[in-house]
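Chain lettering (A, B, C and D) follows the sequence in which the chains are written, and residue indices restart at 1 in each chain.
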């Protein structure tokens, strides 16, 4: 298993945002995480990516215990993520955003840059340019904040990929995308998995999840209520009940 | 050339102070660039000034070594302070650093070896203009190059979005601390130069007013580029001399200029230079049409 | 990025050129008469923290200049005052001194207002070998033994606290039989801290015990707690060293908490009509050693007070009087020097100043270039300073 | 001892009156208004003008100080802050803009009234001494303490219980949402500045009465105190500001009373050390609720 969560919990005040959740994501998988609004999906992601301190339980990544590691250390080990609602560096250019994404894979070049003609990051810039091309982003020198929303989403994915992760966590990447963009996103995910990347996909768009994922876990009120193949999940009465009356089931 | 020599002779203090203020503005610019609003640089300046002056006067430490030790002392103190205030942001950080600044000022007024309110007098004037401007050129160049480096990008990323920056593998605490400590060392370096510029220093030179001034230089000049703080410090330091003919009204104009720049030039004085550039582009465009 | 840096360099040089070209033009040399004017620099704080004093000094010096010029000037040459504001800031004070010396080529400088500014500016004149008369610095180290080394070009026309405070304390002790006092001082002001040290020494010399020393800060707002604490020691008097801003607050509180009255021996900061007005009913508690007795019936003084009032519509204060006196002293030395613009002979003539009649009384310089004049220990009655004895 | 406690409460009341207005603008608009000391000073001068030119009694002069400085606060906002708000400039810009504004106004006042101390006309202030036990208490100060508490109670009432207060609180919470909910945002901002500056002005007038010495720079010493007060009490919390003010007032005087004479110099270090400690240990202050941004 690439990622293993073992009974992890998080409380805010008296509320169990995440309660004793077990997850096991195999390498090369697209793993779906669904659940109604407020089910604890994003909290779970924040726990895995180190943005929140875990109350109980343990997380293992590629066989090593990473429970208490800070976000930047996790990135260095190969976990990258995007955010629900885009969090780009809006005042930086598109290219700079991707270069920041490569931070974990770059050595500090401050000293080398002091030489007036030094441009020690040329190779990084090239690979960042390739990534932008792959994601269909055309204006590397534009400010990230000036991009259209769909472009911002894709830039965020490019930035996450720049760190050459082994596990990519996408938090609702299709939100705000039109069907064509959504389809292209599915293509991209397939291609990435084919190259050996593992993806955890948090999504409201059930169709996207069912069409892409090999396994799906369902959260409700912070607890995992079901896990299985898309077909099993669709058939599960518990899941139906959880989604009942919720628009997200549509 | 004679007129220039005369000019330098008369205004050498102003010219020196401009350079020192530019260094101070850059010291606060480093932290601003990393998204930290600090008002503690007057205190770090004091540490550098008193450090360099005391080491030179009491222990006979040579001037350059005194500067280095002053900056080192300041950086050493900035490290635990930076760790303590690391979680604070925006105005909260600013106020915490004001608190630190006031504690330093009170200590300077109290400690047995700082001359208390009398300050230190008779400091040998060892600072030459070229010391100041060489420092400025080196610092400006280094910071300009750092901007495009991994470190500069990391600082910018932290400024833009700390959470997202952490997810890109940036060790937030380490980078923020580095900016804080670098700013403190630079402020102390400028302080050491200023102590040896004109004979005496006293605790009142490094109070809240000074802290705000330093910040104002940087912000009014414009924080997007290295040139901004230098421009801001130059103009605002020269302003009292430029406005001298206005006599007792010069404060009023200085205040109005401050407001005018902040309100009408959102990105600071450097915007003026950029404006000229765009206008020239427009002219070229117009020529094409014609 | 590189172009930006160049733009900056260009902008800076343009700016420097602008002030280079602009400033001399903006300061046209004062009207040129048949015989070349003798320029005298007046470097004072018209703005900034000490802007209370600068305007009064300007008035005093200007009055003296006009009187001297009306009376025929210096061997027919008129004195032209070049007034520059140092904004109460040391850096500007230094620049102003350099400007007066190098650009205006003045024969001598009066000022600056603040001791802190003087600490930076005086060395400039010392280095250039130009006579300076300090007109309001009362702290230690202005003349005689200076921190920056030799200061033989610096003179002082303002009575130092080293003289004034012991005189006041001695007079108070003789009359009130002081044994135990409390010392309050503004600990973040150079000048007030100097005063506190002088008070301590004077108290020891007079066999007076200081039961408690209470430091306060310029920014302190309320003085009730300080005075309450002083009251706890049941002192015979309070010694207070502070600037005018806090002086009245001290007096008001003492008036409130000691309804039976308690004397406050104050430093030079107390020596201001504004403090009397602000302290109101509490003002008569004050005892202060001063350089000037406004009520003195000496003709030089009464003439001065009248001329000042005629010209400006208000009474002169000590700062105006000292600036006026310094100008008179300087003019006298210029006349005697034979060549007013020769710095060395002017310095010599200044050193020889002896018992000159001034509003401050008979005025001489000590070998250390400090003022030698009578000291007036004053108190307040009916809103006016009156002699204490 | 009782006397020192009384002194402390008086100092705390003045701090509180000053800081509450300062804190109000900060909590609603995130602006550190460095022109607040100017408003404070203007209050004292407005009262002086009323008393010396029109011969009005002190009580009416204080009311006039409230109204005039309140209106001045709205003017200040229009001139120094509104243009920045319209383009969404960072709070730092507002701070610098208000600093420029303060420099201009203080200098204008110095040119008009002179930088020196000015006093209220003789006999225009009540002078009574109240004997409480063996402590003699200045009646005017007692009155000022009472007034300060009354004003702060009134402020609490306005913010908590009136429609205007609800609008202001909505604005503080989220300006965009407030607008969507139908709050007249411009009116709420104007009201915030009116109340904040009016309180500052009254504080200045009352302080002027207490010391009978007013001057253009009189507000400056309070600026740093107000920072301390806000941080200790909790930024953005009005009750916090009041609590912080009394803690600072009592703390300063306690340091004076209990510190051995040799360490008396360190009194201020305690105030700012306290400030620093609170920020490091409990950044949101005693009653505050949002200092460290959450993920």
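Just so we're on the same page, a contact is a pair of C-beta atoms (placed from the backbone, for glycine too) under 8 Å apart; a residue touches a chain by one contact, two chains touch by 3 or more.
Computed from a prediction, not measured in an experiment: that's the story for all the values here.
Student: Smallest number of touch links from subunit A to reach subunit C?
Tutor: Contact-graph shortest path, subunit A to subunit C, evaluates to 2.
Student: Per the definition at the top, count C-beta pairs in contact and tell me whether C-D or B-D has more.
Tutor: Between the chain pairs C-D and B-D, B-D carries more contacts.
Student: Point out which chain occupies the most central position, where each centre is the mean of Cα atoms.
Tutor: Looking at where each chain's C-alpha mean falls, the closest to the middle is B.
Student: Which chain has its C-alpha centroid at the greatest distance from the C-alpha centroid of subunit A?
Tutor: Looking at centroid distances, C is the chain farthest away.
Student: Express in whole angstrom the distance between the two chain centres, defined as the mean CA positions of subunit C and subunit D.
Tutor: Roughly 35 Å, centre to centre.
Student: In whole angstrom, how far does the Cα centroid of subunit A sit from the Cα centroid of subunit D?
Tutor: Distance between chain centres: 49 Å.
Student: Report the inter-centroid distance (CA atoms only) between subunit B and subunit C in whole Å.
Tutor: Each chain's C-alpha centroid was found; their separation is 34 Å.
Student: Note the residues in subunit B that touch 2 or more other chains, in rising order.
Tutor: Expected reply: 109, 148, 163, 248, 251.
Student: Using the touch rule from the top of the page, what residues of subunit D touch 2 or more other chains?
Tutor: Residues 107, 224, 265, 268, 295 of subunit D touch two or more partner chains.
Student: Show the residues in subunit C shared as contacts by 2 or more other chains, in ascending order.
Tutor: 47, 187
Student: Show which residues of subunit C lie in contact with subunit D when the two form their complex.
Tutor: It is residues 47, 49, 51-52, 55, 187, 212-215, 217-222, 224-226, 228-229, 244-245, 248-249, 252, 256-257, 259, 272, 274-275, 277-278, 280 of subunit C that touch subunit D.
Student: Give every residue of subunit B touching subunit C within the complex, in rising order.
Tutor: Within the complex, subunit B touches subunit C at residues 3-4, 6-7, 9-15, 17, 109, 116-119, 121-122, 125, 140, 144, 147-148, 198-200, 202-205, 225-227, 230-231, 234-235, 238, 240-242, 244-245, 247-248, 250-251, 270, 273.
Student: Show me the residue ranges of subunit C that touch subunit B in the complex, using the header's touch definition.
Tutor: Against subunit B, subunit C makes touches at 1, 4-5, 7-8, 11-12, 15-16, 18-20, 22-23, 26-27, 46-47, 84-85, 87, 90-92, 94-95, 98-99, 102-103, 116, 119-120, 123, 141, 146-149, 187-190, 192-194.
Student: List the residues on subunit B that touch subunit D in their complex, please.
Tutor: 37, 84-85, 87-92, 94-96, 98-100, 102-103, 106-107, 109-110, 163, 208, 212, 215-216, 219-220, 248-249, 251-252, 254-259, 262-263, 266
Student: So in the complex, which bits of subunit D are touching subunit C?
Tutor: Touch residues, subunit D against subunit C: 3-4, 7-8, 10-11, 14, 107, 110, 114-117, 119, 122, 129, 136, 138, 207, 211-213, 215, 217, 220-222, 224-225, 252-253, 256-257, 261, 264-265, 267-268.
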